[in-house]
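Structures follow.
Below, subunit A partners subunit B and then partners subunit C, in two separate complexes.
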Partner chain A sequence: MKKYLQVLKITFQQELAYRLNFIMWRVRNVMQVFLMFFLWDSVFSDSSRQFFGYNRSKMLTYIFGILIIKAIVFSSRTIELSGIISDGTLAQYLLKPINFFKYWFTADIASKILNLSFSFVETILLFLIFKPEIYFQSNPIYLLLFFISLLIAVLLFFAIVFLINMVSFWTPEAGWALPFLFIVIIGDFLSGSVFPLDIFSKSYQNIFYSLPFPYLVFFPLQIYLGKLSISVVINGMFISLGWLIILWFSMKYVWQRGLKKFSSEGI
Partner chain B sequence: MKKKIKKYFKVWWLLSRNSFMSMLSNRFGSVLFLLGKLIRFFAYIFFIVALLKGTNSLAGYNLNQIIFFYLTFNLIDVTSQFLFREVYRFRVQIVEGTFDLVLSKPINALFRSLLGGADILDFITIPFLMIALFYVSRELNPEFFSILLYILLIINSLVISAAFHIFVLSLGIITLEVDHTVLIYRDLSNLGKFPIDIYKEPLKGFLTFIIPVGTMITFPAKALMGLVSVKTVLISFLIGGLFMFLSIKFWNYALTKYSSASS
Partner chain C sequence: MDRAIVVDHLIKNFEVNVKKPGLTGSILSLIKPEKKIVRALKNISFSIQPGELVGFIGPNGAGKTTTLKVLSGLLYPTNGFVQVLNYDPWERRTEFLKKISLVMGQKRQLWWDLPAIESLELYKEIYELPQHDYAKNLEELVDLLEVRKILNIQVRKLSLGQRMRLELISALLHKPEILFLDEPTIGLDVVAQQKVRDFIYDYNRRNNSTILLTSHNMDDVVNLARRVIVIDQGKIIFDGVLDNLVEQFAKEKIIKVYLSNEENIKEIERIGKVRNISYPLVTLSVPRQTVALAASELLQNFPVEDLTIEEIPIEEIIRTLFKKSAKNRK
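Then we have the complex of A and B:
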């Protein structure tokens, strides 16, 4: 436990060593919220209207929620794994008396804590500037389910990122491309972090719900907003847990196969 | 002058060909990168269609008009990336000191740093975007003069975009930070995916005059719809000229601050 606390400390120091980079990254996150905030603000210019089952306050809560949930779920150091495999520095990690999965998960937690603290400050600032109507969930059952779904989302994202980055064992020169495609593009859209997925028809939504991505952002936010019945939430939890088990075992399996393929020269 | 343009075009062609060859050496990655861009493009189209199906209009514009704004944004964004991709590789030159080699060559350093490596992956998508723009614009029934204004304002947008990229390069020389600055520029220009009419003051004014995303993206599209005044068009060109002038001044200033690393 002590050594993982050290990993946590070191990751904090690493993140803060490049302060300008980190601040710029946060600025970018806020910019992305700007577009969606004003877009939906324009749609709900008449605050009494409802679109896609959202009223003004629920939609603006969704947009602000993205900023916080993305900080919790998407903040990750594991995205560096592809580069570490490609340039061979993985060998250095393998020699250390430390569990490789726990090491990266701890580094992810450090990144999440840091990003979450900043996202709180940003949300408060944006809240003071725009003074949006925000929906507060007061039902303790929904709040409990929301936190459980967040925990599943964090583990799911870790497994997805780890799994996709391991493609570098087989294609080291293009190891960046698959994570870019799956995490930056597909993950961003299908997780509901660009727009809520329930603006699409029911048939599309059924397809989305059968994939692991909506359980990263969209599903937790739907629970928070109380838009799903308890039975639908439980059903969603089972699907996301199913995905978590599949991805977790796949991650372990691919890791073992990848290690057999791995070679590092001149390190 | 003609000889000089010919020389620079030849250099640009050679550099772009090299960039293309380098891309071919990593075909798998390039295909996935292109696929990612296409998915992002169509995901937004799906979103716009779904949104406007539910709301019928956005800030007073109908579905065709909003799609036209989005396509215009993409045309400017993709063309800028195609032309100015070298900016994304500039930081390494500054940090490692290889920018010395650019400065010592008998070619304009700004030209080399801004245009020295066109991105073929972006170029591939431009003809398709133009076809889509042509198809959608037919539904808007534009007059000949509006089309002419649209083309001129698109050129003006590319001038503003070039000016932004020159600012990024100059800041890179002074602060060694390029990657995030250029991505912040991209995020700002992303605010032009939808007409700037959706924003409230003072942000709307900020996006028109200070960071002229509106001038770059919304005004050309509005010109085609016959929704801009002569005064707005003149202001747009003035902003374009002013931004280019200031960016070149800043570049010249930044060069005086360059301290060659590792040499």
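Then we have the complex of A and C:
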């Protein structure tokens, strides 16, 4: 256990070694919230209006929620994996008596803690500037389900990122492009962190819900906002757990295949 | 445990994509990738006793690094038997990994953006070293390699030589029973090379650890290893004590004479093969068996001021060895 604490510590230091990078990443996230805030703020300028089941306070809560949830779910060091595979540094990790998955998950947690603490400060600042009406969920059952869905989201994201990065085993040249596309297109769009997915028509929503991506950001936020009935929540939990199991085993399987490739060609 | 490393009839093939030159070649290789089998190790066998310091020499691409990677468990052998400390390296069990270390001169394992001490602290936990052992080992290594002042400086800001010494520390913190060193002196200047070399020698004697070292730098091997394995084109062409290599492959000896005048310097050719004349020094090579005769003839018939008999330099022997094996292939 102590080894992973040390991994946590060294990852913190590493993130802080790239201060400017980190700060720019935070600025990007805050800017996104800014844009969305002004967009929806004008849409809901008449505070009695309702769109797609959102009133003003719920929509603004959704936007602020994105900032926090993205810090928890999307903060990751595992995105470096493709580089480590393609430049051969992976060898160094394989020769250490350490569990590779646990190592990277721990590094992710370090990144999440750091990002989360920043996003808290940012949220408070934004709150003080805009003084929006925020919706507080008080039902303990919804809060509990919210935390469970967050945990699933974190694990889902880890498995997805790990899987995508492992493409480098087969195409070391194109390694970074795929993870990048994933984060920009899938990550932001399909997870609901650009706008809530329920502004789409029902048939689109059904497609989205059968994919793993809405369970990263949109689904936990919907639970928090209390917009889903318990039965829908349970249903969603099962789908996301199903995805988690599938992706987790695929991750392990592809990892074994990748290692075989790595060890037979010595990239 | 009698032998630290056993390698028996090891074969390792790689499959690589071949790309024809130019843009058309790139497109063609996209549509129909052409595979080629590279035979990196062709049936090699050897074994190493605990505490031995063995040097692997060979030109680039001979299979030195491949061998080390198979032994440390990074590469899966295509065929043959490999055992290291009674483990199958490929399984990479925790107990096995705690007993070995691989240092690659061209790869780094220290965190680039952090001072080395941070990486070392991490390795302490990864290898589960008790605080006492860690402190003692670190103290000893830091002294030996003279790196106390640079422990707290970001690794990226250090010179190659400084970094290499820190890499060595990170590889030795857990006192591995077997140490694989791949080109440990690559890119270092002469002084730094010597420092690293002295250290390796010393470390081997102190801890009785088994060390396998590859290098294309002859000095490394000649100064460090008593036993050498010469490998070329994936085959072992010599395995034994360094001195035997000389005896086995150097059919000639070298006589150096200093002459007092140039009078009959032309006639010296009949004594032996003239390698070099730069008056007053003449260098001759003569067959091993007749070296005494040649020397006495020189003393009788020439105005000799000084005369020495030497072995052919080891570098030269190895060079001819490689040439010979290249010729055999043709």
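Basically, the second predicted complex is superposed on the first by the 262 of 267 C-alpha atoms of A that agree within 3 Å, B and C clash if a C-alpha of one lies under 4 Å from a C-alpha of the other, contacts with A are read in each partner's own complex, and residues count from 1 in each chain.
Note that a residue touches a chain if its C-beta (ideal position, glycine included) is under 8 Å from a C-beta of that chain, and two chains touch if they have at least 3 such contacts.
Values in this document were obtained by computation on a predicted structure and should not be read as measured data.
Peer 1: Touching A:Ile98, do we find subunit B (first), subunit C (second), both, or neither?
Peer 2: second
Peer 1: With both structures fitted on chain A, tell me whether subunit B or subunit C touches more of subunit A's residues.
Peer 2: B
Peer 1: So, does A:Phe189 touch the first partner subunit B, the second partner subunit C, both, or neither?
Peer 2: first
Peer 1: Applying the document's definition of touch, where does A:Leu178 land relative to subunit B and subunit C: first, second, both, or neither?
Peer 2: After superposition on chain A, A:Leu178 lies in contact with subunit B alone.
Peer 1: Using the touch definition from the top, say if A:Ile199 reaches subunit B (first), subunit C (second), both or neither.
Peer 2: In the superposed model, A:Ile199 contacts subunit B only, not subunit C.
Peer 1: Touching A:Ser263, do we find subunit B (first), subunit C (second), both, or neither?
Peer 2: Once the two structures are laid over each other on A, A:Ser263 reaches subunit C alone.
Peer 1: Using the touch definition from the top, say if A:Arg19 reaches subunit B (first), subunit C (second), both or neither.
Peer 2: In the superposed model, A:Arg19 contacts neither subunit B nor subunit C.
Peer 1: Please work out whether A:Met31 is in contact with subunit B alone, subunit C alone, both, or neither, and reply first, second, both or neither.
Peer 2: Touch partner of A:Met31: subunit B, not subunit C.
Peer 1: What part of subunit A is shared between its subunit B contacts and its subunit C contacts?
Peer 2: The answer is that subunit A has no such residue.
Peer 1: Which part of subunit B faces subunit A closely enough to touch in the complex?
Peer 2: 26, 28-30, 32-33, 35-36, 39-40, 43, 46-47, 50-51, 54-55, 58-59, 175, 177, 180-181, 183-184, 187-188, 190-191, 193-194, 197-200, 203
Peer 1: Using the touch rule from the top, collect the residues of subunit C that touch subunit A in their complex.
Peer 2: 14-16, 66, 69, 72-76, 78, 90, 92, 94, 97-98, 100-102, 104, 107, 109, 111, 113-114, 118-119, 121-128, 154
Peer 1: State the interface residues of subunit A toward subunit B in the complex, per the touch definition above.
Peer 2: 20-21, 24-25, 27-28, 31-32, 34-35, 38-39, 41-43, 51-52, 171, 173-174, 176-178, 180-181, 184-186, 189, 194-195, 199-201
Peer 1: How about subunit A: which of its residues touch subunit C in the complex?
Peer 2: 2-3, 5-7, 9-10, 13-14, 17-18, 88-89, 91-92, 94-98, 260, 263-266
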